[in-house]
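Below, chain A partners chain B and then partners chain C, in two separate complexes.
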Partner chain A sequence: MTGDPSSGGPFSGFDLVAAGPGVSRDDSGEAAARDRVAPGNPSVTALRDQFPGAVFRNEICAGDEDVVYVDPERITEMLGWLHNDPEQHYDHLADITAVDYGGGRPIEVVYQLWSIPHRAALRVKCELSLDALEIESITGIWVGADWLEREVYDLFGITFTGHPDLRRILMPENYAEGYPLRKDFPLRGRFSRAEQTRRALTQDPEDYYVPGEIAERVPQVVEPAAGEEGDAEGVG
Partner chain B sequence: MGIDKPGILGSGSPTFLTTKLDFVVNWARRNSLWPMPFGTACCAIEMMASAASNYDLARFGMERMSFSPRQADVLICAGRVPYKLAPVLRRIWDQMMQPKWCISMGACASSGGVFDVYSMVQGIDTIVPVDVYIPGCPPRPEGLIYGLMMVQEKIRGESLAYHDELRAEDPLAVGRPRADDEEVADLTGPFGNSTHQNRVSGLVDTDAIGRAEDRLP
Partner chain C sequence: MASGTTEYAVRRNPEMGPDGTLVPSPTEPFDAPEPELGSETMLVNVGPQHPATHGVLRLVVELDGETVVSVVPRLGYLHSSFEKLGEYRTWNQIVTLTDRMDYLAPLIYNCAYVMAVEKLMGIEVTDRCRVARVICMELDRIFSHLLWLGTWSIDVGAFTPFLYAFQQREKVYTLHEALTGARITTSATRIGGMMADLPDGWTKGVREFADNLPATLDEIDGLLTCNAIHIGRTQGIGAISAEEAVNHGLTGANLRASGVPYDVRKDRPYYDYESYDFEVPIGCHGDCYDRYLVRMEEMRQSIRILHQALDRLPGGPMDIDDPRISLPTKTDCMSDMESMIHHFKLITDGIPAPAEDCWFSVEGSKGELGMYVVGDGGPKPVRWRIRPPSFVNLSAIPKLSEGHLMADLIMINASLDIVLGEIDR
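Right, the complex of A and B next:
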């Protein structure tokens, strides 16, 4: 083949495209060696000891990032322990997201944790099969999980049980084409452009906000501490 | 101003008088166009640059950006518009007083641009009537100024006599798509850079991603 870059012949981007997917580099030996030298996160071992049977497997990716695959049934219990245990103290929830690998494989829910005092990161993943896309909400542990879970619900269709206000956050309220970040979702959506335009214009922009959401927004009053009452006078 | 040219004011012909009134009205309108900036993306940065001192949009009568649609004359839609924003754009257009004009600034506002995806309006002309399209990604300030001057040229040719026919909108159509279904389908058809068209053409095998050698430096 003239387009083979290894032959030294002339080739272009189109030749590469025509060649199709090549064989992936076999780096299993390399990865294994890297894993042996990586120190690993002590939380992984502690999590295994604390919840025997609930940690399915763990791996180290991109050199030093620990990933733990855990049982979705026990996710609040385990994340709550990671949050509260003084040895772990993962007090910052950096992100919740999900990954759909397509081909009927389970969708992964990803929790990215960060411990501010220990300066340690941990990625916790749960695999949910496509016929049971449901997991318990962790808004009881981190209040900030509220919108992150809504986003995952909006774009992947994963239901978070016990979430206080689970509705779409990015897509319009009346969106009926499914969940856009799923692998089986067509790039241009399921409806025709005319139908999408019609649906978009039938909604009222003020419907995005429930009245309670606006009414709860009261001005915050900062109470002065007991010792600094004199300083706080006249402020605001 | 040219109003006291011999032959314009001096003639007693009523048709001639109408033409003169058109001239005065159009002269006033085209030299005091207040833009309503609807900036959603990088085109808005160029729009700000056009208004700033180096290009100084005020030289041509766009004395200030009118951030209230009630006092605006020309809607400048600068940037991509997702479907969630479409009713907002439509409402702002409905709130603007007649006479009003609309500029679609940049590739995304005019055609959806590279965002040929589920969430993006494929050209705001499916939502509101557009007078001038400015190509570019984003257009330079000169492009925006040229587009505004094309609106001025358009106003110069307008007449009070048939103004209503030109600019009137069906009151029942307010808040609805401007174009009917077939027209929307025509306007939003796949363009040359569309993923769909590439796949159909057979030029690009969409499975050919994620190959290991592509990721190597």
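Right, the complex of A and C next:
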């Protein structure tokens, strides 16, 4: 056996492993040539000019992805402008999701936008503190936001005010264990296996087949948090 | 009254004429007064256990007679919480979760996931790996479209195309098996490369498949494309305009059938797709029939890409030459102490990713398949999110099917080409 790994051998020690991965080959010029959307999306500057004070910061992630952190109070206004303004024209809402970093840090709501005519991507993020998980729904701008917002509500517990049909979508409607994708949610759920089984067996299957569920599609009343009314008027 | 009934019965039932020919039933409508049927609607529960829902999808349908008044999809019967599971695994361990989501095109999901992670980590894979992944993705696009074609024709009432399509799918299964050892849950990719290099003769098998497929497609084309029943069941059914389709977030063939030429391979090219010669077919009516035509043409275009990729497949290593990412070979691990330690360290510690987030989307078989990965400097993701194309496509089904007949709802559902493993995740 050649033994001591620090003295050479096929790999020159484990400092590389400890250092973590970097760019495997130095071909940054080549990589930049392949990027279709040049770093520094002009929409970021335009958004700052249009909504002074509402853009908190912006950064470039993973080489070429523009991320904008905006004021959650004005999200519909800003996304509506990004959607309607002919210079921006972000007509394709690729995704809505949320990220919980754990440790009591705010949960980020992430909107992934794509402009089909301009071939540009923009990621808009809103930070919501854990005691005020509420943001305005953007279903009025993109109909496709409906289920995506329901999923975020289902798995993170973020309330989208003004959503026409905010119900759980992946988890059962009588799911009582909380919001599974939160970091404080244990992997196996909050209840024991026995309790989960008991709840599953005691629920009334008739509940799933009542004709009333069609009628229940009328907009669910979401009580706005105190002090929201004034802002709601300003949102176009 | 009695004579009227008799007369009607005679008119309705075809009979042998005096000269031995069959007298066809007349086509004039029965002009009896419309019966009073009341105005209440009926609730029909479609699924979750029904072959026409293409998985464990449940549609609660409100019917007025045979007309669909409203549709409420109920999801979650297959919910496996893959995104939560991923937060407890190292980056490479997640690969096995990705192919369970879309078991109809597992290689596309394997590739899309590692491509997102590689972008996050700033890894450039080898040229051979780039082309091999293009071959894998195009092969599975055909693989997925063939299943859609088979089930679509079953739903329209034609059994033969189903058998033809599944005969061809079987060949792709064999290719999967040769490549990875598994037929459905391939888990073929690793960060920085593939699970293994392409086996001997595999490219020959892919070439043979690509050579033989057009004949089958032509046969199915002949059976379906100009078939009066097929046209009657699908033309003008479930139509959606281009603006609405974009606003609903539709992607893939469902969007292109409405006339929007949005294809991630063309609009945000990855893996040198801009250098392949292929067309993006679009429809102009946005109905079920156009979605059928678009997918049929997409298979032919994928065959073109397959041929080009096979032609340009370079030699050389499959995995990147970076000991922080790539495992040593099995032979080295078994004969060399350093390699064994290296292997052990990589497997137990995982590969750390920078504290950043990264969105990467590819053109999956169902639509735009996005992967959003968030790292925190450790070997496990903080968040791993899949942008599920079927999930968003399915959300348009109430809009597409309201006002159509119950039987049309089945065709609309088939035309969206959904897979429940990915919708429920």
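In this section, the second predicted complex is superposed on the first by the 162 of 236 C-alpha atoms of A that agree within 3 Å, B and C clash if a C-alpha of one lies under 4 Å from a C-alpha of the other, contacts with A are read in each partner's own complex, and residues count from 1 in each chain.
Keep this in mind: contacts are C-beta pairs under 8 Å (C-beta built on N, C-alpha and C of every residue); 3 or more make two chains touch, one makes a residue touch a chain.
What you see is a predicted model; the values in this text were computed from it and never measured.
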| item | value |
| --- | --- |
| Partner chain in contact with A:201 - chain B first, chain C second, else both or neither | first |
| Which of chain B and chain C A:177 touches, first, second, both or neither | first |
| Chain B versus chain C as contact partner of A:46, first or second or both or neither | neither |
| Partner chain in contact with A:187 - chain B first, chain C second, else both or neither | both |
| Touching partner for A:148 - first (chain B), second (chain C), both, neither | second |
| Between chain B and chain C, more extensive residue contact with chain A | C |
| Touched partner set for A:133, first chain B, second chain C, both or neither | neither |
| Intersection of the chain A residues that touch chain B with those that touch chain C | 5, 14, 16-17, 19-25, 170-172, 180, 185, 187, 208 |
| Chain B-facing residues of chain A, complex | 5, 14, 16-25, 170-172, 177, 180, 185-189, 192-201, 203-205, 208 |
| Of all residues in chain B, those that touch chain A in their complex | 83-84, 86-88, 90-91, 116-119, 121-122, 126-127, 175-177, 180-182, 184-185, 188, 195-196, 203-205, 207-214 |
| Chain C - residues contacting chain A, complex | 43, 45, 60, 62, 70, 72, 74-76, 79, 81, 83-85, 88, 119-124, 192, 244, 246-251, 260, 262, 267-269, 320-325, 328, 332, 336-339, 341-342, 345-346, 349, 351-354, 356-359, 361, 368, 370, 372, 374, 376-377, 382-383, 385, 387, 391-392, 394-396, 399, 424-425 |
| Residue ranges of chain A in contact with chain C within the complex | 1-3, 5, 9-11, 14, 16-17, 19-25, 27, 31, 36-37, 61-63, 65, 67, 91-95, 97, 99-102, 110, 112, 116, 119, 121, 123, 142-148, 151, 155, 168-172, 180-181, 185, 187, 208-209, 211, 213-214, 217 |
